[in-house]
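When the chains are written out, they are named A, B, C and D in that same order, and each has its own residue count from 1.
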Amino acid sequence: MTKPKLRIGMVGYGFMGRTHSNAFLTAPRFFDLPRQPELTAICARDRDRAEAFAQNWGYGSVETDWKDLVARDDIDLIDIAAPNNMHMEIAIAAAEAGKMVMCEKPLGRTAAESQKMVDAVEKAGVANMVWYNYRRIPAVTLAKQMIDNGDLGRIFHYRAKFLQDWTISEDLPQGGEGLWRLDKSVAGSGVTGDLLAHCIDTAMWLNGGIDSVTAMTETFVKEREHALTGKVEPVGIDDACAFMGRFANGSLATFESTRYARGHKALYTLEINGEHGSLFWDLHDLHRLEYFDHRDDGRTRGWRSVHVTDGDHPYMDKWWVPGLSIGYDESFTHQAADFIMGLDGMPAAPTFADALKTDRVTDAVLRSADSGRWEAAS
Amino acid sequence: MTKPKLRIGMVGYGFMGRTHSNAFLTAPRFFDLPRQPELTAICARDRDRAEAFAQNWGYGSVETDWKDLVARDDIDLIDIAAPNNMHMEIAIAAAEAGKMVMCEKPLGRTAAESQKMVDAVEKAGVANMVWYNYRRIPAVTLAKQMIDNGDLGRIFHYRAKFLQDWTISEDLPQGGEGLWRLDKSVAGSGVTGDLLAHCIDTAMWLNGGIDSVTAMTETFVKEREHALTGKVEPVGIDDACAFMGRFANGSLATFESTRYARGHKALYTLEINGEHGSLFWDLHDLHRLEYFDHRDDGRTRGWRSVHVTDGDHPYMDKWWVPGLSIGYDESFTHQAADFIMGLDGMPAAPTFADALKTDRVTDAVLRSADSGRWEAAS
Amino acid sequence: MTKPKLRIGMVGYGFMGRTHSNAFLTAPRFFDLPRQPELTAICARDRDRAEAFAQNWGYGSVETDWKDLVARDDIDLIDIAAPNNMHMEIAIAAAEAGKMVMCEKPLGRTAAESQKMVDAVEKAGVANMVWYNYRRIPAVTLAKQMIDNGDLGRIFHYRAKFLQDWTISEDLPQGGEGLWRLDKSVAGSGVTGDLLAHCIDTAMWLNGGIDSVTAMTETFVKEREHALTGKVEPVGIDDACAFMGRFANGSLATFESTRYARGHKALYTLEINGEHGSLFWDLHDLHRLEYFDHRDDGRTRGWRSVHVTDGDHPYMDKWWVPGLSIGYDESFTHQAADFIMGLDGMPAAPTFADALKTDRVTDAVLRSADSGRWEAAS
Amino acid sequence: MTKPKLRIGMVGYGFMGRTHSNAFLTAPRFFDLPRQPELTAICARDRDRAEAFAQNWGYGSVETDWKDLVARDDIDLIDIAAPNNMHMEIAIAAAEAGKMVMCEKPLGRTAAESQKMVDAVEKAGVANMVWYNYRRIPAVTLAKQMIDNGDLGRIFHYRAKFLQDWTISEDLPQGGEGLWRLDKSVAGSGVTGDLLAHCIDTAMWLNGGIDSVTAMTETFVKEREHALTGKVEPVGIDDACAFMGRFANGSLATFESTRYARGHKALYTLEINGEHGSLFWDLHDLHRLEYFDHRDDGRTRGWRSVHVTDGDHPYMDKWWVPGLSIGYDESFTHQAADFIMGLDGMPAAPTFADALKTDRVTDAVLRSADSGRWEAAS
């Protein structure tokens, strides 16, 4: 019996175009999905490169204008893996065309953009999701299950960091294909939208809403050559951003992100401290969850390093055998699978509406960095 | 321009049938291969399950007798992912039919079996390879490059362990589909062929041949119910095996494997100590290579934890960005890619002839465990 | 040839009375000191317990009123290991009596108190020091040497945490001998003066002055029984405090401390990120310094775990052999030794004047937590 | 009330003379001992250096001939911290003079020497102990308590390593004061007696007797200049030694030691795997015990890193507060305290008779390395 198809039109063939394409190819091999994803069309402005991408990943056709893609009636789902400044326009058009929409994070460059996108998908009543993939690292999902199960008791602290070191050189230009994340007009913000958005999405999923924040940003390198104009231009993005805040449940938040922390490639860490126990996770060793249970016998109590590779761990019954880890890309595979499984039942999170809440926090963070005051975040 | 196809006939749909199938599907997405692998046929005795497997992985057809598979002229490569007792017969037949042959490790149940397989592929002049996948974990490949580059200087010690804990319960039966590794007639040996074979393959690749060994084995649970007969029968395999030895280069070997080490799921570790430096690797954190360089300044010298996820690390330019790790299965993807890239040039290792050398060591190990003496291993 | 004596009068026989006494006994065994410390008198209100303490540690005599101790002319140095609310009065009297003064941290309960203490020792011209012992953990001292040597280049980030979990239970009383740190009138503040003061002292030593801060405090348990009155009383101290700030050198500060982080007993960590490299240290493994040097070859670059136990590491030529670690108490021994060695030359830091700067930061932190605004810290 | 004195005559002022002296000075400050140790006399051939040592550590007098020391009637205990070739003669004479005897490990250079020493102390009925100090690292003592409590269930494996790297340079001479451990006539053997003896002592304490062994030794540098003769002489010691064996309880032993493992200063590790759980300890982080409890809930099970610094951990109620670690030297302090506390009750282990068992194993190991066969070890 053949399954109904889910015909995908992908916009963008960069880093995220690859992770999404791989996810849709891999998900049906490892998960029993109600619909069969089909890589129907890839859309990108450079036809030759789009053709090459299509051949490599098995896309059936190529478009060079996303409006043409959205207009096609053989497409069920528009997946937006283009730079941030394209998200809103494409998503709204796709929703208005009745397509399901998936969008790479952050949703919009600002909460105002995101709000319009939420309005569009909700008005159209189309399935929608934002690729906050880290929720679906099995160790992170396990953390969620444990917290929801009450294993930690009352929560006192949540802290997260996302530290990188790839923009320290002053010779690095801003803008253009590989470096649009340094161009404020394209990216919207620097580490706040790129890295802290991940931290905030996970934090609110695990620990509930954030009420208020106070923040600090810094741009260490003030001017960089722009790759598109060839001219030295002021850098508009935040190179580093830290904030403190208060969650609705009374716990304290401390967050930090930077691209100037030597030795850290993608050090996304999170820790949550509760009355009964604590959890810690680090993207650099993504298959482990560190867990402290105060209820263990005192003399033999210690942080447990849980190697999250067993069949009773989230998602891991689909993969190999205990001790054999999966990687970064499987988090996208899990998200693709969950999205498809949610189409005929409980929609999978985070939806656009969920992601909007994250953007409200990042907006408040940037506002506070300007004002020097606490700002409401919800 | 379309690439020539590499038409694959797979035997076996268990754990290894899945890893191999995934590898052949994934390799061409990430590597620029001279031939396009095609999953032409899957062969397994149970037709219904074989059909389901074919549908899941996209195999074009199904066979239930491997002799029929070998006889097909639309197959270029026979890939043997069946239990060990099937390896020799299938491989020899495939070679005689002029097929390329890939075989899951260990090659044969004994060096005598393996010798016949080597003879067959060499006589037929067909490409051949054994799936010792751990060579192609990027951290392990990096170790190989460093050693070949002389970074460690004269080698003094090589030690490896492969520790598991999944057979401790006396209630676990032996034999049958999921547990044939406990059945000596099918597996050939216990941890020696299953786990130490991996350790030895990597060791000889990194550090050269092993001349002599002295070994110790133990079977902790003497009798288990046999899943196929329903009767309690003596356990013939080694539950644990340790050996010491001497490499041809004068360095000392210490190896240990067991399925009775609580807390270790698949703890394959290796360490090599040389005059100038040392390397350590652990499958549980497979994306890291620990490196000590004695030539660093003394006051700031320490073991470096290299997160092997950068573009200049082996294979990693094909994947994501620094800091984002790949998993276990990518080692098979790399091996499939290397095999295909080697077809029109330098054949990729380990060939059957390479794997035979490993089997000679495992044979010597088991011989020594019986004799209580040092045994020649090459 | 006998050395001149340094006759010590100790005030307080609690936790810190023990560490200081041990330091003065041990220092001359391992360091070649210009003066021989002598435990001349111990002062504490309970004579019986003071006698027992004197016998245990070898003090020559006992006083029960610190004014009598200060008045003795056979005492060269008054060492204050009493609770915080006693520091100012004793220190000023000791200075006025012409004694050298050492004081457990924090110097005063507020910068205003500390200022008076600084004035007193400077007016009297007596040697003085505050027991910020963590500077003299060899790994921390090594960090100082590396930073001063320019190994890290321009500094971008400094972060520190001091996390504990010992006051989570609501049944824990406040006040009294073992719990005066929970009593605001005695301690001055909660974690800010107790824990963050350590973090700030080290931070400014390593990375220079802090210009401004914004802070957040929380008292999770609002009322506790007071051990002295037996009544349930409001808790005045901060259970947790986090702050962000800017160093004079342009780098960003993120600090956090709490006594509500399950699983952390005394997790004092610090990290500093510079252009060329980064350093990380953790009190829980105090004999290690983690160092990342970006100038290492890219393929084999990684965080180095430096086991700071070699003869060319700070202080370690005085102890054992490489690989054998020292503990927490040796940091006090080093401080005692450095103080004595500094008496006849360059005075050892941190002096009272140094510690006053720390108190100015903690004051600003507490002020900001009240005002919700950035506050000047120097 | 004054305590009776324990008057100590120390032989040797090297590394071990310092650790023992420090232990006897420190023990009574932290432990409530029935007798007060007194550093009565130090004995060493060089009078000037002995005088300096006496002044530094507070010894009351100096001897230059150990026979004079043994003959003194104001000495209760002879503590032998001289090189191995002196142990037997001094110990026997001390016992015959009715003195208590403590001896640095290994007891004798061979089991035959040790046997005579056991005979002497047993005939004389004098208290005796060997300084296998690692038993009294709190984490190791905790392991002992857990094993004795049955926490691990049936034991399957015990493995230990002691890896160093300080003799790799061919320019290092052998013999003389700092290097007698490389001189076979003085040391008796190389790493076997120096390092494996520690591993074996702990192993048999934790896991019972060793029945049989098979071993391998190597001398990587065959000739070295002798520091005393100035001539290049053959090296007689074992630079590396590994052995496998069987414990009386049926578990398997794998041991290795070397001074040629780059990057390891004093990496003494031990691991024990049982039916219910496993333990791991590493001298480089001596304050931690790693514990895996299979009976924990499967989804949140992992190796626990126990920071052995709490008041309910062995010995730790005598020291500081949770999270603050002690160092290497405290293991000697604990041993001194336990010895003194055992004088009037249950004698503390390991006695000479206990240490003799260790020497029987090291003898068997060296015998097997020669014979190439399994040798009985008890």
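Of note:
The criterion applied here is as follows: a residue touches a chain if its C-beta (ideal position, glycine included) is under 8 Å from a C-beta of that chain, and two chains touch if they have at least 3 such contacts.
Because the structure is predicted, anything quoted here is derived from the model rather than measured.
Of all the chains, the one whose CA centre sits at the greatest distance from that of chain A is D. A count of C-beta contacts for the chain pairs B-C and C-D puts C-D on top. Note: centroid distance chain B to chain D, computed from Cα atoms, is 42 Å. Spacing of chain B relative to chain C, judged by their CA centroids, is 55 angstrom.
One inter-chain figure worth recording: chain C and chain D are separated by 35 Å, centre to centre, where each centre is the mean of the chain's CA atoms. Counting partner chains per residue, chain D has residues 264, 288, 303, 307, 310 touching two or more of them.
Per the touch definition, chain B reaches chain D in the complex via residues 152, 156-157, 159, 163, 165, 168, 214, 216, 218, 220, 240, 242-244, 246, 250, 252, 254, 256, 258, 260-264, 273-278, 292, 294, 303, 372-374.
The touching residues of chain D, when paired with chain C in their complex, are 15, 19, 22, 25-26, 28-29, 56-57, 164, 166, 264-267, 283-288, 307, 309-310, 319-330. Of all the residues in chain A, the ones that touch chain D in their complex are 142, 146, 151, 288-291, 293, 296, 298-307, 310, 312-313.
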